[in-house]
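Pasting the structures in now, so scroll down.
First subunit A sits with subunit B, and in the next complex the same chain sits with subunit C.
The block that comes next holds the complex of A and B.
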């Protein structure tokens, strides 16, 4: 690993530690990491939007037009219309004309809703309804693995659970009596599903944490040139950077302990 | 300038005719089939085709019987190559398309993907001599030329098998018996398949040594688009019925009918939480999530934000709304401004109440976490579309000691809100909350319509499961099937 790569890696380790320090309390290092990521991402997205959206979808479409003709002589002049709608959003800077910005917003939300309604109806209602109407495997009701989706019992449980969960989301009637009982069964089914989902996602997060720890370990290995493949460019500067960061972290921890003890004495 | 342009077009056509000769030998494969020293495989049989139904056109579905040597016989078939016959005019058009791409590259000062000494490179050298304005002019003329020539494709395809060539389209592994040739509808695109033009296909069985045997040629067949997608009929009916229900209940609500909605714990808590913030003299943080202004969860969240902002204006508490999406920010500003106006406190409205942070997910989380720990809001409200950031936000809010109310329709994120927030609106409760809080007849009416639509779904599903146990059940079940 080149020294420049090692420095970038050290930077990543420092930012990882700075972010984890938030678990202790808000502190200057977390603030630094937070402002860095917010600033960098804002700058990054400006560039991405410019080169990924405006240039190919607007500027390149109107590139054969002339500015003094307001690009109306461009071969694809109709791209001026969305550009104008975008410009109308800037009227928000004027108190007098800010109402004009509602036009592009209205158009955007109207079109998006028009696209979303049939899609939602198809994916979340029709397809789900069709999938619920299954032929239950009575011959294999308890056979094999009872919780396998191929067993008749599991198929029936899924169907009853789906109906009960739907009843829970019925808002026009109070959850009392038999209706309330079914709704309670519905929320239990939902909670079982949420529990499984929670465990699954936590495992994924733990794997992310392990990944960061492995990176930290690799950083330590690189600092002392302990990797299987020996770095021919290795020098003392690697260890200096390593110990500087360690010293920095230990120094901060000692400072916090001292401050804490002092505040207790007061 | 005109002379120069004519020269360019002349050179282009010269290159085209030259490269056409290369193309037909390289991939055209007119009638010559590679004869390997090893045994040729048996050809695929009964090639047939049909226009792809319920689409925008420009697509054909091909079916064939497997070669006897695919999975049986000598079992030597490795893949199937699919070819389409195209008239010479189409080949010419393709080359003009290539030249347009080269011109675009020169205009944009890039040579990506052009190898030195290639046909594209020679075109590049020719066109590089022109000024930008001349290139624009040539490009536009060539585009018009393609457009005009495309109109002649239907006529040109009638000349089959004369004056044309076989073009390789795709390959499929052994065992495949069908292929959807989905062409482009854009005449500028190289994959353009014209509607109402005669199309001819053949499928070659290919062995590992490259030995090929062609099926009989299928054609002519024409593609066409349909105005109505019959596969979506159940969706049309559902939307229609739901619209009728919604209109009916909205009208009832407008007439003053008492439409009962059961109390929702999370929503009842909103007023208390605003009161708590006022008493403590701390702000209220409202997070709209990462959804766009078109997401239904975000739209529901706007309504709740309006209600919260109105209460905040009445109680003169501070409101913080950091946003992720610029359009969401703009809409949220309008909502909050209107709420302050409704509360009779337009003077108390501050422009930076609703502010933009960033469009990077975790940078946004970092910023909101910072706000939570520095401003110490008394109440955090998370309503909208949330993703991986939900637990980070809710955990930090709990750490800061805030009362937290959340609501999202993202099923994967609900568990995190349930464990870390005081009140959580699960899925559709979020939409119900916006109607419940707003008390607007349109929202209340649509909520009622949703309820009765759910009741209808339960009844239809129960009937469906009962009849599905019988042989005739599929007649009923198939009524609800939506094919992609």
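The block that comes next holds the complex of A and C.
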């Protein structure tokens, strides 16, 4: 690993520790890491949009035209129209002319809605309703695996569970008697669903921590183990950077402990 | 007079930072210890693996790396496992990255995987030994990286007409018509399936505007937070398979006999979950006991 790569990796480890330090309490290092992420993300997105979208999808389309002809002599001159619509969005900065920005917005929302409504209805409503009301496979009720979506039991559970969960949200009738019992079953179904989501969320958060541990381990290996094998210019600078960061972290922890003890004495 | 606090009251008022510290200690200790745990594979991951494994040499798969670096921990292992598996089988890949901060990260991952395939390897899965002869993965021949464009729903629809509509050139600036792999490749009709590895709403667009409109087999790799929302689409047949979080990635690594960061992390997951379950049980006991004490006290 080149020393420059190692320095970037060290920055990553520092930012990791700065971010995790929030678990103890808010501090300037956490604030720095937080603002850095937001700033870098915004800056990076602007560059990606410019080079990845505006240049190939607009400027390069019009490049065979001339600016003094307002690119109307370009072979693909119609790209001026979306460009103009885009420029109209900037009128939002003017109090007097901000209404003009409604034209491109209206066009965009109109197109999006026209595309979205039939596809969303078909794919997120109709197909889901159809899947919920599928004919129950009584012959294969318990199946090879009872929790498999192809077993009759799962099909029945999905149907009954969906109806019961919907009944829980029906407030025009008091939740009493049989109706109340079904509503209670519905809330149990919802809770099981939330529990599954919670379990997966725990796994997701632990995964983030695991990834940071893996990178920290790689960083430690890069600093010490056999780096000269892959990098002939390997030298003490790797360990110096490593120990500087360790020293910094240990110093910060000691400082926090001393401050805590002092505040208790007062 | 100060009220006497029993162990359950103390449990309920425990500073949460002790829980964080305990969890960190368990995670670090488990990660440091060198042991492996068995990975049981599930049908929804097996269906993805079996489909991709059945593809003949030269077929094309669209792999959508639709996540930002903040989801890298869970989804990168999936990307590495799926892409390496496809390239081992000489299946060609069209990459997209419709998440705004994803393209540079995706480019780095593509280069890393390309490098890892330069050496000979032996894999053992489905009871058969597969010898892979190391080879150079060539841009434009083995893969095309289209990069990022905003408004993912419109891009997904546009690719159904022609990839060149939204991506006149690839991520590196080469016109698509100049890439050997893209000769005769117009739209999804020439693609065997789409594998969407996503950490956000882009998956909804792939389901509604992609699979729903163009009817290609769609397979998902999702973050743990998202995955339970997408199981209904598996039941309805709109999605052919799901890999959920680090566990899904570990299962794919297991199936492809290609252990990576996901399998490496599963032992930590196991013990971290033990700790979380322990605290949930203790928290509930503490809650019910202190409630009983309050009720007995007439409060």
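Details
Simple rule for what comes next: the second predicted complex is superposed on the first by the 230 of 266 C-alpha atoms of A that agree within 3 Å, B and C clash if a C-alpha of one lies under 4 Å from a C-alpha of the other, contacts with A are read in each partner's own complex, and residues count from 1 in each chain.
What we mean here is this: contacts are C-beta pairs under 8 Å (C-beta built on N, C-alpha and C of every residue); 3 or more make two chains touch, one makes a residue touch a chain.
The model shown is predicted, which means the values in this text are computed figures rather than measured ones.
By the touch criterion defined above, A:53 lies against subunit C but remains apart from subunit B after alignment on the C-alpha atoms of chain A. In the superposition on chain A, the chain among subunit B and subunit C reaching more residues of subunit A is B.
In the superposition on chain A, A:112 contacts both subunit B and subunit C. Contacts of A:127 after superposition: both subunit B and subunit C are touched. In the superposed model, A:174 lies in contact with subunit B only, and not with subunit C. Once the two complexes are laid over each other on the shared chain, residue contacts for A:163 go to subunit B alone; subunit C is not touched.
In the superposed pair of complexes, A:265 makes contact with neither subunit B nor subunit C. Of the two partner chains, subunit C is the only one touched by A:207; subunit B is not. By the touch criterion defined above, A:4 lies against neither subunit B nor subunit C after alignment on the C-alpha atoms of chain A. Judged by the document's definition of touching, subunit A residues 41, 44-45, 60, 112, 115-116, 120, 122, 127, 130, 193, 197, 201 lie at the interface with subunit B and also at the interface with subunit C. Per the touch definition, subunit A reaches subunit B in the complex via residues 19, 22, 26, 30-31, 33-34, 37-38, 40-42, 44-45, 60, 63-64, 75, 89, 92, 101-102, 105, 108-109, 112-113, 115-118, 120-122, 125-127, 129-130, 132-136, 138, 159, 162-163, 166-167, 169-175, 190-191, 193-195, 197-198, 201, 205.
Put simply, subunit A touches subunit C in their complex at residues 23-24, 41, 44-45, 48-49, 52-53, 56-57, 60, 112, 115-116, 119-120, 122-124, 127-128, 130-131, 145, 148-149, 158, 193, 196-197, 200-204, 206-214, 217.
Residue ranges on subunit B touching subunit A, taken from their complex, read 107-108, 136, 139-140, 143, 232, 234-235, 238-239, 242, 259-262, 264, 292-296, 299, 327, 330-331, 333-334, 357-360, 362-364, 366-367, 369-370, 373-374, 391, 396, 411-412, 414-416, 418-419, 426-429, 432, 436, 447-448, 451-452, 454-455, 457-458, 460-462, 464-465, 467-469, 473, 476-477, 480-482. Residue ranges on subunit C touching subunit A, taken from their complex, read 17, 20, 24, 27-28, 31, 43, 72-74, 100-101, 103-104, 147-150, 153-154, 157, 166, 168-169, 171, 173, 204, 207-209, 211-213, 223-225, 227-229, 232-238, 244-247, 261, 264-265, 268-269, 272-273, 276.
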